[in-house]
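Chain IDs A, B, C and D follow the sequence of writing; residue 1 opens each chain.
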Amino acid sequence: MGILKVRNLNKNFGGLKALNEINLDVEEGTVHAIIGPNGAGKSTLLNTFVGRLVPDTGEVNFDDQPLLNRQPYEINQMGVCRVFQTPEIFGELSLLDNVMIPTFAKRDGSFVLNGWGRMDRETDVNDQAEHVLEDVGLADQRNELANSLSRGDKRRLELAMCLVQAPRLLLLDEPTAGMSRADTNNTIDLLKRIGERGITKIVIEHDMHVVFSLAEKISVMAQGAVIVEGAPDEIKGDPKVQEAYLGGAHL
Amino acid sequence: MDVIILQVLNGLDKGSAYALIALGLTLIFGTLGVVNFAHGALFMLGAFCAVTLNRFLTLSHQVVDPSRTDFLGNPLKVEVRYIEEWLGPEIGGAIIDWSVPLSILLAIPVMALIGLAMERGLIKHFYKRPHADQILVTFGLAIVLQQIVKYFYGANPIATPAPEAFTGSFDFGVLLGFEPFSIIYPYWRLVYFCFAIVIIAAVFAFLRFTTFGMVVRAGMADRETVGLLGINIGRRFTVMFAIAAIVAGLAGVMYTPIVAPNYNMGMNFLVLSFVVVVVGGMGSLPGAVAAGFLLGILESFASMSAVIDLVPGINQVIIYLVAIIVLLVRPRGLMGRKGVMED
Amino acid sequence: MLGLSRKDTTLLLIVLALVVLAPFLLNPFPEDSELARFNAGYPDLMQRFVIFGIFAMGFNILFGLTGYLSFGHAAFLGVGSYAGVWMMKLLTVNVVPAIIASVAVAGVFSLLIGYICLRRSGIYFSILTLAFAQMSFALAYSVLTPITAGETGLQLSLNDPRILGSSAVDGTIPATNFFGIAMRDGFEWAVGGWKFTFNFGYYLCAVIMLIAFYISIRIFRSPFGAMLRAVKSNQQRMNYTGINPKPYTLAAFVISGMYAGLAGGLMVAVDPLAGADRMFWTASGEVVLMTILGGAGTLVGPLLGAGVIKYFENIFSRLNEADLNQMFSGLPDGLQSAMVTVAQMFVGDGWLLTLGVMFMAVVIFLPGGIVEGGQRVAGWFRRKSGTEKSGKAAPAASAAE
Amino acid sequence: MGKLYVSRRSLLKGSAAAGVAIAAPTIFTSRAWASDFTNKPTGSSVTLGFNVPQSGVYADEGADQLRALQLAVEHLNGEGDGGMMNTFSSKALKGNGILGKKVEFVTGDTQTKTDAARASARSMIEKDGAIMITGGSSSGPAVAVQALCQEAGVIFMAGLTHANDTTGKDRRRNGFRHFFNSYMSGAALAPVLKNAYGADRKAYYLTADYNWGYTTEQAISQATEGVGWETVNKVLTPLGAGDFSSYIAPVLKSGADVLVLVHYGGDMVNSLTNAVQFGLRDAQANGKNFEIVVPLYSRLMAKGAGDNVKGIFGSTNWHWSLPDDGSKAFTKSFGTKYGFPPSQAAHTVYCQAILYADAVERSGSFHPCGVVEALEDFKFDGLGNGPTLYRADDHQCFKDVLVVRGKEKPESEFDLLEIVEKTPAKQVTYPHDHPQFAGGELGTCNAGTA
């Protein structure tokens, strides 16, 4: 069962073909990694999934619903959540609020005027948020401001903000970039644990250690196109992949 | 036809003032990233440089003239100007007559000093603060500067005439083959327009052809990168602030014969010049200049009686209407880059 | 109490006490003492304190929470005022319909303007709101004179229809009232050298202000309030989190516009004249100043800011040279005249200079406004006493909102 | 002990509710107006409120008013040389204050805004116990404060306010205006203009786009049309436009040969300066010299416009160079104290203060309704404008109006205007229900709280 179907996606920036006839099928419940050198179009591709970028031609269907030309919040409400490369969090809010806000979004939809309730009396939302903070190991800092966290913790917080929504598709853009080896391993463990909940994941990653410990299927991109697709073992030995990473056949 | 030419001409001098103020605002915004609400006050301070020089040149002492009496019936005390006493009435009179253009010489160092003091003393500490804070602190400064000027010069407009030689007006109509008096244009306004063009050209040339200017332009485009090159961009930006202050000040000096200055004149221009900057596009120097002239001309057209009869009150709101439309239809302004100042 | 946490209840009770006791607190000096000129406990100023408190409180819901800096909020106050006066001209001088109309009209007007202006953010939003407000002012002052009475201000007259009341009572215009209690009436209590004034109009405004304050606390503590803070913090994240920030911001805009309309309605309820000047951009600037001065994003900050600015505007602007000479009369002659000369720059017509200097000082040294100042002082004391007791620094003062 | 302060009117309906609301001993009996009223002076002094613009464009006029008012207070208290009190036809004032009470004053800043003016007046009434408010330099605040004084039950002696509405549409029983008005300007100017420029003239109006502009434009155009002039066009200009060039440039082509600048204050300085810059004064139109007229002149503004005022006609309420005893006494007294002659704004508020004090003396009480009665249809002389009547129907003073012209050869910086004609009061008198003044009612006198 493909939960995300991408068909013939094209995007030009000026003369540059950022996305070139991309086709992609992501199976429900799997971890699908997208790898490729810098500038291969990985983040551009993710941007088209979350409504940040509209491609020139092509289709993206999530659960047989078209994703294109929707506002980012509509796409999220459909069950797609993204963790960004640079953490996008509510820096001036407490960790708990950071996680409660997505929980409200899940519960109440994209807009509800709840001006009379009290944050500390929304027990169900509170509990869920606390629970997820514990999951990612940030429960002790729940009342601190998000800006005071380290970069790695910010990413974990952002992950928590997605997890609390129990999305059907989770998009992770280099979840371990800039992390220490220990942090990276923690994150891998965390992602594996989440995997048990049956959330489909698309991971963009440079760190092959991360990719091969998580991914069930890998798509390799270069110069805006998917050049190879397959299981991790198949990818490891593929000459095209090495060629792409080493900079082309001319070498 | 002549009516249209007439209003275009009329728009030019108001547009010149808008363009000069907006140019300085944009320079400050583009280089320093600071929203300067005190810029109108700088324009006003420039105008008061002219007033001050005029006062200074006309300093006088009293001589009792027993043949005449004053309003109380006492012998009249006649004011004798020192400068006329020293240099003779001819030369002295001529210097006084030319006090407004002469004020440029005074205004350049004075405004440069004020600009430097402002940047070093105040603005510098606000580079990293939110725009709202910058707006607020410079707004407070504008109030303070205004009140100080009011304390020394009073609230009434102070007449500062142009030199005798420029007092008449020029009949463009005859030149272009229309009836006499159909397109008249005072000489001083012509001078003002030309002056504005020279200043604008000078600023652009400075940014274009000097190394200093190139560094500053690079800094406007990407401050961090230039900083990485080991260039002390901060000091250059200080100088840019002083230049913006000088431009605003000179605009004020030369404007005094057109509208008699009072302490409040800067505020009237401030709101409008912000609209000009936004219409031109935040951070775009050519945009600021073009929008300045454009809005000046539009304002002139809106004040034609035929237009007012058609849309009552249009002359009161035209600038704001244009601003709203531009911001909604093309938020980056006429020539701005996308995304500047969106947060 | 009332669904508030203990801390918020305490805060509400403190504000309640301050407001109820204001006639005493603001008149600390006996009538004929030299310092009586600094008394602020007279109806007009007390009314202004609470009315502008409401205005600033509403502005704070927009600016303090969402970070959207509106430079045109006075337009809503003005529109509210006009609506209020028209109700009193057409219907009755009972203030209730006037206040309701003010809030409603300002709400509709802010919905309209907010819908357009919120298509942009940052300084573009500020300029848009400024442009709309300036247009409203310019038109109200000139072209719309038949509706607004332009320069002279819209006021009641003997020929108004007032279909639910009477046009005139004994040849004069009836006084604005709340079911028979006239706004300008009250109760005076002279005790010792003091004279305290308890004005009905003030207490009506005060009650409404307390209600508005209560609503503001509720909003601050609600999920809606959290959403607004999130708008300020990171709109992008909101969007990718499944929340549409636009309607939240618009709701905040309309609520704050209604607060402004309420303030406008109360202004005409206690003093039935609406002038176009109250829509001028400096009036919009003033409410920004109040909010920042007190502390944007805090609950009591705007109230404090409004109080300080109105105090300066009404008390300092009325000191003159003779007053100063009296005040410094204890000093030696030379020093006295020097002090008077310096002080004169700051009082009377120089009160704006005082405001400007004070304002710059706050923005430079106390970006969090008076509330932050209070917290710092409190924190300083707490640390000091903490060191004495346990030798350990006490935790930093929590936000005393 | 406590005291309920309630205006009599609201008490009719509200006393019961109020009594319940504040459970306090309320002793209230219906009294004749001689006994109690707002801010009844109880001590040895009486407080007057001087509400003048101290900031904003009219700040200098406000400062001049304050000087004159301080002078008036001195004179009332028997200090100084007595000024116009010596020449005033009524001799009720004795130089011992008012009714033996020393005159004290408080000042406030109107900022030339209706709201600020009202706030400042309210604080004077509520806080400082002012029994009378005077001052001000434009009509918006004057109308607003007049209405406030009516509501509060104190007397308002208007300062410089020229719009018809102050004693027309917005007249109030508790308010009085000594200054002349738009209608009078028109009636005085029209014949003089006809004599100077002929009956066959075409006029173009630039009018300040607010209330005073409208009424003045109407008054002048009706009056000049009455002497045969034709109105070519009327254009509204925004307040504080600064540069009027785009309004002035088309004038020469319009077929008009006279430009009427219905502007005051800074706007007048700027529009006149612009008009001269555009060569209007040297121009020819319809075979005649082009002329400029400024309906309301003030010396302080003439100073701002510099040489541009030379030869330009306008009207004014008073000028220091008038040769009568009152004017001479006032100018001497003011000039000796401050070193320069008083402006018309200073003169009108000085007169108002003296007139108020005199009315109190004559009625024997500070009670506002007594003062109103004493001022209504009061005839006086010796205050610089010749024989004057305070008309009961609308509380407007009727007196001679000065038509002035910018002096070609000023002898000093104060000597900017020359008096061309003193239009007799009869010529500028109108019925109180004249269409330009219609729609207003004085109502009844209000003494305020009981």
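Definition applied: contacts are C-beta pairs under 8 Å (C-beta built on N, C-alpha and C of every residue); 3 or more make two chains touch, one makes a residue touch a chain.
The structure displayed is predicted, hence computed values, not measured ones.
S.K.: Out of curiosity, which chains are bumping into both chain A and chain C?
M.R.: Both chain A and chain C are touched by no common chain, going by the contact rule given at the top.
S.K.: When contacts are scored as defined above, which chain pair ends up with more C-beta pairs, B-C or C-D?
M.R.: C-D
S.K.: Measure off the straight-line distance from the CA centroid of chain A to the CA centroid of chain B, and report it in whole Å.
M.R.: From the centre of chain A to the centre of chain B is 53 Å.
S.K.: Quick one: chain B and chain C, Cα centre-to-centre, how many Å?
M.R.: 35
S.K.: Centre to centre, by mean C-alpha position, how many angstrom separate chain C and chain D?
M.R.: Roughly 33 Å separates the two chain centres.
S.K.: Suppose each chain is reduced to the average of its Cα coordinates; what separation in Å results between chain A and chain D?
M.R.: Taking the mean C-alpha position of each chain, the two centres sit 74 Å apart.
S.K.: Please output the residue numbers of chain B that touch at least 2 other chains, ranges allowed.
M.R.: Residues 150, 313, 316 of chain B each touch two or more of the other chains.
S.K.: Tell me, which residues of chain A touch at least two other chains?
M.R.: none
S.K.: Which residue numbers or ranges of chain D touch two or more of the other chains?
M.R.: 55, 59, 63, 209, 236, 238
S.K.: Kindly provide every pair of chains that touch.
M.R.: Result of the pairwise touch check is A-C, B-C, B-D, C-D.
S.K.: Considering the complex alone, what residue numbers of chain C touch chain A?
M.R.: Chain C reaches chain A through residues 3, 5, 218-219, 221-227, 229-230, 232-234, 236-244, 247-248, 251, 255.
S.K.: Which residues of chain A touch chain C in their complex?
M.R.: Result: residues 50, 71-73, 76-77, 81-82, 84, 88-93, 97, 100-102, 104-106, 108-111, 113-120, 122, 125, 161, 165 of chain A touch chain C.
S.K.: Would you tell me which residues of chain D are touching chain B in their complex?
M.R.: Its residues touching chain B are 55-60, 63, 209, 233, 235-238, 240, 242-243, 245-247, 249-250, 252-253, 266, 269-270, 273-274, 277-279, 282-283, 285, 300-301, 303-308, 320-321, 331-332, 335-336, 341, 411-412, 414-415.
S.K.: Give the list of chain B residues in touch with chain D in this complex.
M.R.: 2-3, 6-7, 9-11, 13-14, 68, 70-72, 76, 150, 154-159, 161, 167-169, 179, 181-182, 184-186, 188-189, 257-260, 262, 264-265, 268, 299-300, 303-305, 308, 313, 315-316
S.K.: Sort out for me which residues of chain B touch chain C in the complex.
M.R.: 35, 122, 125, 129, 131-133, 135-137, 139-144, 146-148, 150-151, 271, 274-275, 278, 282, 312-313, 316-317, 320-321, 323-324, 327-328, 331, 341-343
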